[in-house]
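Two complexes, one shared chain (chain A), two partners (chain B, chain C).
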Partner chain A sequence: MVDLLRRNRTATPQTSPVSSRKPPRQETFYTASQWRLIWWRFRRHRLAVVGTTVLIILILMAVFADFVAPLSPTSRSTTYVLGPPMIPVFIDDEGEFHFPPIIYGVTTERNEETLRREPKLDTSVERPLHFFVEGEPYRLWGIIESNIHLFGTPDGEPLHLLGTDNLGRDIFSRTVFALRVSLSVGLAGVFISFVIGLVIGGISGYFGGWIDFFIQRLIELIMSIPTLPLWMTLAAIVPRDWNALQSYFAITILLGLLGWTGLARDIRSKLISLREEDYIVAAQLGGSSDWRIITRHMLPAFTSYIIVAISLAFPGIILGETALSFLGFGLRPPVVSLGVLLEGGQNIRTIAQSLWVLAPTIFVILIVLAFSFMGDGLRDAADPYAEQR
Partner chain B sequence: MLRMTVTRFITMLITLLLVSVIVFFLVSLPPGDFAESVALSRTIQGERVTEEDVALIRIRLGLDRPLGERYLYWMENIITEGDFGMSFRYMTPVTDVIGDRMGLTALLVVVTLLFTYAIAIPVGVFSAIYQYSLADYIITFLGYIGLAVPNFLMALVLLYFSVTTLDVSGVGGLFSPEYQDAPWSLGRLIDLIGHLWVPAVVLGLSATAGGIRVMRATMLDELNRLYVTAARARGVPSRRLIWKYPVRIALNPIVSTIGWNLRDIASGAPIVAIVLNLPDIGPVFLQSLLDQDMFLAGTLVLYLSFLTIVGTFVSDVLLAWLDPRIRYGVVK
Partner chain C sequence: MPETLLAVRNLKKYFPVRTGWLQPAEYVRAVDDVSFTIRRGETLGLVGESGSGKTTVGRTILRAIAPTAGEIVITLSGEDSIDLAPLTRRDIRPLRQHMQMIFQDPYASLSPRMTVRDIIAEPLVAGKLASGDEIDRRVRDIAERCRLNVEHLRRFPHAFSGGQRQRIGIARALISNPSFVVCDEPVSALDVSIQAEILNLLEDLQQERGLTYLFIAHDLSVVEHISDRVAVMYLGQIVELAPTQQIFAVPHHPYTEALLSSVPEPDPHIEMQPIPLKGEIPNPVKPPSGCYFHPRCPYVQDKCRAEPPLLREYQPGHFAACHFADELQLVGRYTPPEAAADSPH
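Let's look at the complex of A and B:
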């Protein structure tokens, strides 16, 4: 009874987002499709919108990696080794404003401690940053030949936004290419998890009974083993003599094979609550077949939850890949993934002298945050008829 | 209560047994057997190894018998003698290699868990009471970051600061040099506790962030309930009210996820230990995987699972003790 009272109390302000002073808008609210409602709800979750935007930018960067990166991931600079990042500035150290932004020149300086010549930035030389400049030729997706890059210096002088690593390779370019690999690993891993999770969770939730009991115990069993050590053990089993591409597939499959348990649980619990809904019971009494009920009635109500579960499963897989590759059990060079790039960061002395070798982690954090924000927003939006919180 | 404890205990034993089966078959998976790699390493050292020698090694290590039999043999030794088998690399029993280190890992995991809750509960409550305040926003933001930063990176960052700004030789390790190889004493214990907080913070970061989020959300649900309003109307002092009623209920989801948190902490423990070079099972685990010393690796995975499963059992019992509704089976 108390519960009922509460519900009534909180239900009244529910109509407030659609102002009662504007009847036409209210009408569109009542007649809008479910997906439109979800979109409206999602749009109001500001962090989710920001996250999605960041994600789209990152995906675009990954897809057009050859165009965005000024250099190829393997090209090495012999003069600028472990060089600091060249951050473009609008206002130089004399306070002058520049557009397009400028980057400083390069010089070498003797390090008093190590007595080695180390590359440094020379603030007396200012070079403008140009967009759509000609540079290293490349083949986008192996098809389109071009030599136009998103940005660069017109004179073709070195440009290393995030500095260079110990072999003189451009960290920014490598990161952009690594994004492509890491996101594709995430995508494939999540896809595998999703297929397994959907099938197993679906069977468990729809049939119930002892099948459900058995599957749930199995999931609990798998979940009780710490994930990362299990991943490491499985990855260590992948034969060393496999080439980079083979181990890429092996690792992706491994990541997917262990990631499905959470998804299967979500899908099961949602299915069980759906199964009790009046309209499903009505369809069953009306003599619809299982197949028809699943595809016509359950799936549409279900799709939004699946999308939520998928977007929240991404971070785990991407972090898993990063950790594995960081330890040297994951992807292997010449494949560049975010984890592979960080492998060089294991050496504390390198980090102490050139912190920028850890720059790729910024992108790991961005990806994870973007997916979590988007997932949170989607979760709130997934059930647009629910009470507003 | 006793009945529930016993059932849970039996479930725990069954789970442990099944996990051991999984782990055993996992470590038996790699192609090529260990006798060959022993032979290879001896050849490199200059010894002459014949086919016969390989066969002998195989018999000696029991590698010629079928998988099921090997598992039973392994299990029998664990149960009867606490013998987890041989580390092929060191040619000594696994327990000799990792005996001391196991205790340190368990200690680290437990300390991390305690630290996690010591931070998550008060901060979550605070964040809920002052919802939408500046502090709440900052806490929420930090929570997101905490969830997104991989903990090995956090360890690296800490190492970086310890090297560059604090100018200490590193936060790695668990003992000061003078206690490194000393036998256990009170001084060594105090030294250990002084070092333990660094890995505990790194390891507990995401669990703490998650705990704060859960605590905040459930507290917000509870604070709007009628019984809170009623108690306020009767003039119950705010602080006592909050800590006595809503917090007690909000603790439920926190306590019931101890098992999951424990699993995540145990999952991250090796990698943090590797980065910080702690003298626990982490570095040994890494080395055993690199050597394909699968018995050692398997034992370590089993041990980490053991920590998780036992921890979950304890948390279940704790939850029942905390909440009479669960004890009497009213809610699940």
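Let's look at the complex of A and C:
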């Protein structure tokens, strides 16, 4: 040992062995901040990138709903009731290629079994699909007046991408507006959950002791109640004579008030594990005040985990709203949310004859999967230093 | 004899353990009545197996954790003695610049989210000891002294190896010009070749800056090289405290003898005869009766089971807590350590 010590003294290099003449690529990695490393790591997670892209598209659709939807959510067609989806095609049934894609015209036909007159697609009529066409006038966010829609037919002929419901309303347009409502319920619900979770989880983790014990048992109690009956009970308390907007707020707050438990747990456990970290002790021994330790040392380590927890909390809230509305306890018409739309599909005739009424389900699945994939990717990327130990 | 920098008297740290719902609280006696002094400029080695409470001693002295009882009196040069034990966290902050810590784990002890420059500068910034360009100048100074490349200061810790990270930790500990540094197993997480490099750096810095070290280790060979005196801890208590040469040559406590016998010999011709210790270190919640070491002691007598021994001085400066320290002929290291002989201290 002693010999080794002496020998090494002379061998000790005066500068660190890693030379500064590394290629610049390496140096960018060495000087990369936490967020850079998270981004690099997140980018490698294919599914998360796809999920995030889908999510961004859905959010843009929701924000610019009036522009994206060809029709307003309440406008009705008298001729095209429970009409099938009009899927734009590039190659028509005669094998001819079209650009822009075409949609077929509409005709009515008597169903030989039910003897009802039903709308059908008429493949002999071909109409081109155009972008940025004039259509129904609208006010975007109640401010910008316009009548330009993302796509439509130049002649103003009806265009129902996902078909129409039993009142002749365009399902695609309604879905786009429903996205806006459902995502905003999710956003507000998660925000409320997050604030409550941060405060309660923070108190629990920071004070510890019997306060922590009490809060954790309370959380277990809340978590052990089956969610759906609890939601339904609470939603039933919301007065039926409230108007659609009032009950919209009530349901949002309700979902937020019940969704905080998981977030509070995440925040508490992270706080406790952080408090024991050596570098937090080092900051304390270095003379940092409590405030400096929390803001400068703990929060930066904390934010990425909070973002993960939030993105994973979204699907729960959105599914909660959908389930409640589907059962008729949540939002009510004329508010259109994904759950409200699906409520319309609650009968055997729809499932047997016009399955497209359930098309909003696809969007529910898309949102939930996109958030989950993004959350997964973020979780893997959130601690870019874990691998290097 | 140089003056005393730090005097620890009857230090106790008990951690409550919850054994069950509404059960009376029990305590882990991590540090159980420990007293010692450290003179200015010396290195006191603190040795013990894991669970012996040595890290808790170090952290309690620096008031990273509050002691249950006892005094921690620090005498900075030209100032009055201060007892750190009763001070609040706020009151202790102005004193932090004088006493620092080097951590065992060079990975966990550096915030991965700060650049090396910010990590090293933290004690200056947090304690408002310098501002503006002076911070950068001092960071560069200390980084150079710790053999870090100043061009790498913009990097984040993930770009560095264990040994380099430990040098960053040393730079952070020394930037505020402390007089007392607790080295908490600073080399036990490192490769052997790098261990030597870090130990030499610590020694050089000590001479240059007149530092006083409390050097915690579980490895006697590391302590032998760097310490002036060595204290051996067992189950929260000091069982032997003596100058390094003396404790290696003539140990007075059977536990020290067992530790010494397990130090590997660099000479392959010498046959090692490690003394096997029976069993594990006992549960510190329910320590054994009498001498805590008696269940594992090869020389155990009836008296040991009944009566706890006191830490007594057997030779000048050589303390041991064993009823039979006088009678037992304990064996030290086979070869007298040369390092201690040509040590500059």
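By our rule, the second predicted complex is superposed on the first by the 358 of 389 C-alpha atoms of A that agree within 3 Å, B and C clash if a C-alpha of one lies under 4 Å from a C-alpha of the other, contacts with A are read in each partner's own complex, and residues count from 1 in each chain.
Convention: contacts are C-beta pairs under 8 Å (C-beta built on N, C-alpha and C of every residue); 3 or more make two chains touch, one makes a residue touch a chain.
Everything quoted here is computed from the prediction, not taken from an experiment.
Novice: Between chain B and chain C, whom does A:Gln34 touch in the aligned arrangement: first, second, both, or neither?
Specialist: second
Novice: I'd like to know which partner A:Ser224 touches here: chain B for first, chain C for second, both or neither.
Specialist: A:Ser224 contacts chain B only, not chain C.
Novice: Does the superposition put A:Ala283 against chain B (first), chain C (second), both, or neither?
Specialist: Only chain C is touched by A:Ala283; chain B is not.
Novice: Touch test for A:Ala352: chain B only (first), chain C only (second), both, or neither?
Specialist: A:Ala352: touches chain B, not chain C.
Novice: Looking at the overlay, does A:Pro300 come into contact with chain B only (first), chain C only (second), both, or neither?
Specialist: Once the two structures are laid over each other on A, A:Pro300 reaches chain C alone.
Novice: Give me the intersection of chain A's contacts with chain B and its contacts with chain C, in residue numbers.
Specialist: Shared contact residues on chain A: 2.
Novice: Can you check the complex and tell me which residues of chain A touch chain B?
Specialist: Touching chain B: residues 2, 6, 220-221, 223-230, 232-234, 236-237, 239, 315, 319, 322-323, 326-329, 342, 345-346, 348, 351-352, 355, 358, 361, 364-365, 368-369, 372-373 of chain A.
Novice: Going by the contact rule set out above, which residues of chain C touch chain A in the complex?
Specialist: By the definition above, chain C touches chain A via 59, 62, 64, 89, 93-94, 96-97, 100-101, 103, 105, 107-113, 115, 122-123, 126-127, 147-149, 151-152, 154-156, 158-161, 164, 167, 169, 172, 176, 192-193, 196-197, 199-201, 221, 224-225, 266, 337-339.
Novice: Using the touch rule from the top, collect the residues of chain B that touch chain A in their complex.
Specialist: Residue positions touching the partner: 15, 18-19, 22-23, 26-27, 29-31, 144-145, 147-150, 152-153, 156-157, 159-160, 163-164, 170, 226, 259-260, 263-264, 266-271, 274-275, 285-286, 289-290, 292, 297-298, 300-301, 304-305, 308-309, 312.
Novice: Quick check on the complex: what are the chain A residues that touch chain C?
Specialist: That would be residues 1-5, 7-9, 12-18, 20, 27, 29-34, 37, 277-279, 281-290, 292, 297, 300-301, 384-385, 388-389 of chain A.
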